[in-house]
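In what follows, subunit A forms one complex with subunit B and a second complex with subunit C.
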Partner chain A sequence: MKEIIINEWVGYFINKLFVFLGVFFIFFLSLVTFLGIIQNDKIQNEQKLAHEHIRAQWDGMEASNPHSAAHYGTYAFKPISVLNSIDEGISSVTGNVLRLEGHRQNDIVFSEASQSLIISKFGKLNPSLIFQFIIPLLLIFFSFNTYISERQTGRLKLMLVQGASLRKIIFSKVLSIWFIGLLLLLLTLFIQIIFNSDNINSDVIIRLSVLFLSYAFYYFILINITILLSVIFKSSTAALSLTVLTWVFWTIFFPTIMGNTTEKLSPLPTRIEFKEAMSEDRSKGIDGHNPRGERRDALEKATLERYNVDKLEDLPINFSGIVMQEDEEYGNMVWDKHFGNLYIQLEKQKNNYQLSGFINPFAALQNLSMGSAGSDMYHHLDFLNKSESYRRVFIKTLNDEYAFGGSKTGERGWKASNEFFRSVKDFNYELPTFLSFYTKYLIDIIILLFWVFFTSILVYFFTRKITV
Partner chain B sequence: MIRYLNIFLFEFKHFRKSKTKVISYLVFILACAFSLFNGFELQKKHLNTIDNIQINEDESISEIITWYENGEKGPKDRSWIDVTNPYWSIRYSSTYMIKEPSKLLPLGIGQSEQYGYYQKLSIWSSPFDSDIAEEITNYERLINGNIDFSFLILFLLPLLLIILTFNINGLEKDLKFNNLISIQVGGSKKWIFYRLLFYTFLVTTTINCMIFSVAFINNVFNQELLHLILLSNLYILIFIVPFYFIIKSSDGSTSIAFKMISLWLLLCVLIPGTAHQYANFKYPVNYMTDFLDANRKETYDVFKYSKEELNTRLLEIYPNLNSTYHARDTSVNRTVVRNTMSAIVNKLNTNAIGKIEQQNNLKNNLIVSTYWYNPVSYFQNKWNAITCSDYHAYSKFRNDIQRKIDDRLELLVFECWDNKTVDLKKYNSYLKTLRQSN
Partner chain C sequence: MIKLQNISKSFKNEKALDNLSLSVNSGEIYGLLGANGAGKSTTLNLLLGFLDSDSGSIEITNSKDQQAIARDKIGYIPENVNLYPYLSGIENLDYFCKISGLSFNSQKLKDLLNECGLEDGSHNKKTSEYSKGMRQKVGIAIALAKNANIYLLDEPASGLDPMASNELSVILKKLSSQGATILMASHDLFRVRETCDKIGILKQGCLIKEMLSKDVTSNELEEVYLNFMQS
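What follows is the complex of A and B.
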């Protein structure tokens, strides 16, 4: 087997077209990866500057009423991951700026895609575009004729006479073409590690490994199928047409069809329905019979009892701050209910899309590629959840200061000092580690392994039955 | 001539007998039908939402009208509200700005999923507020695209053409009887041309029928429709012409398929992807800090202004205020200037938005400058422009929103400064300015 693989590679190096394509792809991929890293650094820097700019405004705030400061709020800027330069996933279509303020939870806005005319339907020229669209085609073109040409030239019989089994020959051919894909993958990862050395840590290494294995498995599946079709049809034209057709279905057609189908299976509310339902719950009470007035009266009574006084004016604290926080807590419950349901629907859609991997391994590859690059929906939802958690802590800190920071009920003009505002913790989003998320991608890994196993079994089976 | 007609007709027989080609063609037709169905569904969803919005707006306006009719000043549990005062009358009358979907939307949803198509306007609104965010959607579905008719035409149709045409002259070369064809037909150029013509005719007719079906259902027969038909037919030619030369000059079907797929990759994936990367490199994502500053820090600075400062700023924005009742008074009325300070904030927002739109336009100009080597993006944006679903359509919508906000604030400022009292008749005249439909 080793000899056949070496022999195949020697053959590649003699082939001028192969050498040309090899050199071209190595140069092209290196350039794209390198430029992607620079681009990523640029965006990360812009994000950092925007974040610092907003924080500086907060730190420079003069003595103010904490509740006014809650309205003033802050902004969370969605950072991009280190590996966003390999696969930007949904980064360009999601918003980037989220206003965090009192009383309301805003939508994330200002997506990159909304800031200009459309340019590319398949995204920017980054390594994932090459890995998902170009290299598979290159591998298909290398593999569709490899068995048939050996058969037509009589070399296949010669190798069989020399003692090699057909199965070994076929698997050697699969592996020798597969190594081309692996080489290009390794090159990208190498450049990524070299030019991103400051950001490399164990999580990034794990992510890169998952990314590498996902593409490696996918290429193996694709080469297996191409060679299998050429073994079955014994015609290079038929093998090529069918493989290209399969590639088109997998890469272009199924993702859109499945995307639409999953959305129909687990429909999402319209924005206006969603907002109306939330505002109704916010005003009437989460169970529909707990109006805000009653809640406020109950809170007032409980507070007076706790401090053992008869009137709000006698309280040693500022009751307005307590009311504000209670209102926030209630709003948080409403948010948890509605956004919880929305996120469940989105996760259902994602799960259904993941299951489509059983008919389209490209779906599994896409999920793993975006997931390992930290640019998929799970990572986006994580950002939104952590931003909301921060908002709650942020607003509670301000309300607590208003309630217990030294003012009394009715002192609307009371101001907290600049030192207090500077002491409020800033929002610093940390990308979750891949291992904390790995269960979400297990299905994709299983699907790719299933396809590797399934196509290998098919190749094994057909090479037993075939007559040369 | 009859000889060439025979080639044309023979190609029909060949097509009919090729299962792969017929199935591919039928799958494409089914996909087109599905995409049109999706387009109509989206259009219907938009129209239903718009209907609901209009009902809500009518209800809230009717409630205010009832207060005037019954001599009430506002909701019973909010004694401080007095709708006979222009400030409360206008502040309470939130109205919507709506972007109606184009009748051609089923033919191309373009960038419509990236933007909101309605916004509730108040005296504090701006066209970049978060309540004009796009519809709730699955972002991963968004990057894979929709089964959208324009997507099928621009990206899948060339692949269908490859499947239909890659073995023209290729099969003959594979089987080595291409010389025989040349002898029989008298040269392969016209033979290839007429065979390709058949598929061009087949595909063009199919696409035009699809477009006409939407025009018929939505009753839209206008110049835009004609442009769309011309654009789609021209797009087919963009691929058919190089395919002709590929077929003519290649050694066999494998080589033809390889070159055709490479051309598709180049035009549909690589060149747009490179242009995209370049445009983003030059104009990276805008975090809109100018707008955020105007909307937050500068707005809060305005809140801290003294009544005299507010008065001066308002007079700078609206010099004609000088002739109003309040301006003629020697003392500044704190309530009047504070009730109208949202006009100062609007001015700050407008300035910041101007900068953002300018930056976006720079990026758009760069994109447009790539069209000469990036034809697919050209066709895509032209198509979206015709179906009113491109950046410019939404930019126009934002401008319309801004104009309506400006009108609302001008009304507020002048009515408050003139110390007007609002009755039903006056309120109805306000609605003409405040509502989109008037």
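What follows is the complex of A and C.
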């Protein structure tokens, strides 16, 4: 097997077209990876500066009413993962800045796609695009004729007569082409490690390993299928046509079909429907700026009893702050209800899409690629959840200061000091480790392993005996 | 020794071999003549284990397991020995030996090529520069390297110039004198008459005539062949 693999590689390196394509790919891939890293750094720096600026504004806030500060709000910045430069997943469309303020949960803004027509239409050129679309095509072109040419020239017979088994020859050819894919993958990872040496930690290493293995498995599957088809159909044209057709189906048609199907199976409400439902539920609650209604009355009664006084003016605290926090907590319940349902639907969609990997391994590859790069839906939802948790603590801190910080009911002009605002903790989101998320990707890993096993079994089965 | 008994083989409904029986003894060169589609290549493919017969039996050096024997003892030289063009003759030989699990030093590889008539100066040239005859010599060296005692040749003289063709005859005779069993399928009546000890004529999968080379001249062979083909 070793001899066959070495001989294949000698053949590749003597082939001028291969060398040209190889040099072109290595250069192109290195360039794209390098530019991706630079762009990632640029976004990270811009985000850091914006974050520092926002925090500086907050820290420099003059003595103000805490509830006014809650309306003034702050921003949560979704940091770009180190491996975003390899696969930016849904990052470019989801955005990376979330405004946090009292009474409302905002949508994330400042997506790259919203600011660039080219990105919104074609996506960004990054290594994952090359890994998922261009390298597979290259591997298909190397694979489709490798068996047929041996057969047509008669060398296959010669090798078989020499004692090599067809199975051994085929697997050697699969491995020799697979190693080309691995080499290109390793190159990208190497560039990532070299230029990102400051950011490399154990989690990034794990993520890079998962990314590498995912693509490695996918390439193995694709090469297995291409060579298998050439063994079955004994025609390079048929093998090439069928493999390219499979590739097109996997990468273009199937994801769209499955995307639409999962949306039908687990439909999401429209933006208008969703906002109306939220608004309706919210309106049933008490409103800090319009403190009337049953809830407010019940809260007032309970507060007066707690402090053993008869009138709001006699309270040692500011009742308005309590009302506002109560409204906030009701609003949180409404958000939890609606966004909880939305998250469940999104997870269902994602799960259904993941299961589609059993008929389309590309789906599993995409999930693992985005997941390991930290740019998929799961990572995005994690950011939204943690931002919302922070927002609640942030607003409660401000409302509590308003209620219990020294003002009394009716003191609308009361102001908290600058020291207080400076003491409010900032939000610094940290990307979850891959190991804390790995269960979400087990199905994708199982699917890719299934395909590796399945296609290998097919190759094994179809290479039992050669027919001439 | 090669022995085929009552071998029949059909492809779909087309009969390629019909009750074929022939035997080639050790030290004998057997020439199988026939038109295109007569069943010569099918016979070789059956012996190589690339095809299974529908009926009949095949014995190779007293064994009925032709595939196992093919690995060890059969040398196969196709009409066109297509080697790896980017490797030299000696590198090709080394590669095919290694596939057989054999590893020789460069002197031994050179000796093998020399034994097959390939001159020293050609050993390190890329085989893309080789003539058909030179590639055939490497093909024979590959078989020789694994110590084959059965040689199956498919149209070996096709496309060779007279000199190369004669050299091939010399090599094959030398191998047979060392005890090798050689079965050669060919169109070339003259070369078969010159090289082989026994000649068989195949027509539509049937062995219609067998004769000893020494009993016929080239002209007589041609006459016999044409008569059978036209009948």
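Going forward, the second predicted complex is superposed on the first by the 451 of 468 C-alpha atoms of A that agree within 3 Å, B and C clash if a C-alpha of one lies under 4 Å from a C-alpha of the other, contacts with A are read in each partner's own complex, and residues count from 1 in each chain.
Please note the rule applied: a contact is a pair of C-beta atoms (placed from the backbone, for glycine too) under 8 Å apart; a residue touches a chain by one contact, two chains touch by 3 or more.
Just so it is clear, the model here is predicted, and its values are computed rather than measured.
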* After lining up the shared chain so the two structures overlap, which partner does A:Ser85 touch, if you call subunit B first and subunit C second: first, second, both or neither? -> neither
* When the two structures are laid over each other on chain A, which of subunit B and subunit C touches more residues of subunit A? -> B
* Thinking of the overlay built on chain A, is A:Ser407 touched by subunit B (first), by subunit C (second), by both, or by neither? -> neither
* To do: Scan A:Gln162 for contacts with subunit B and subunit C and give back first, second, both or neither.
  => second
* Asked: Is A:Arg99 contacted by the first partner subunit B, the second partner subunit C, both or neither?
  -> first
* **Residues of subunit C defined as touching subunit A within the complex** => 45, 48, 50-51, 70-72, 74-76, 78-84, 86-87, 95-101, 139, 142, 146
* Could you please specify the touching residues of subunit A with respect to subunit C in the complex? => 3-4, 7, 10-11, 14, 153-155, 157-164, 466-468
* Asked: Which positions of subunit B touch subunit A when the two form their complex?
  -> 20, 24, 31, 38, 45, 49, 52-53, 110-111, 114-116, 118, 128, 130-131, 133-147, 151, 154-156, 159, 162-163, 166-167, 170-171, 174, 253-254, 257-258, 261, 265, 268-270, 272-277, 279-281, 283-289, 292-293, 296-297, 300, 360, 363-364, 367-368, 370, 374, 377, 380-381, 384, 390-392, 394
* Show which residues of subunit A lie in contact with subunit B when the two form their complex. => 35-36, 38-39, 42-43, 46-47, 50, 53-54, 57, 68, 72-73, 75, 77, 89-90, 92-97, 99, 106-126, 129, 133-134, 137, 141, 144-145, 236-237, 240-241, 244-245, 248, 252-253, 255-257, 259-260, 262-263, 268-272, 274-275, 342, 346, 349-350, 353, 370, 376-377, 380
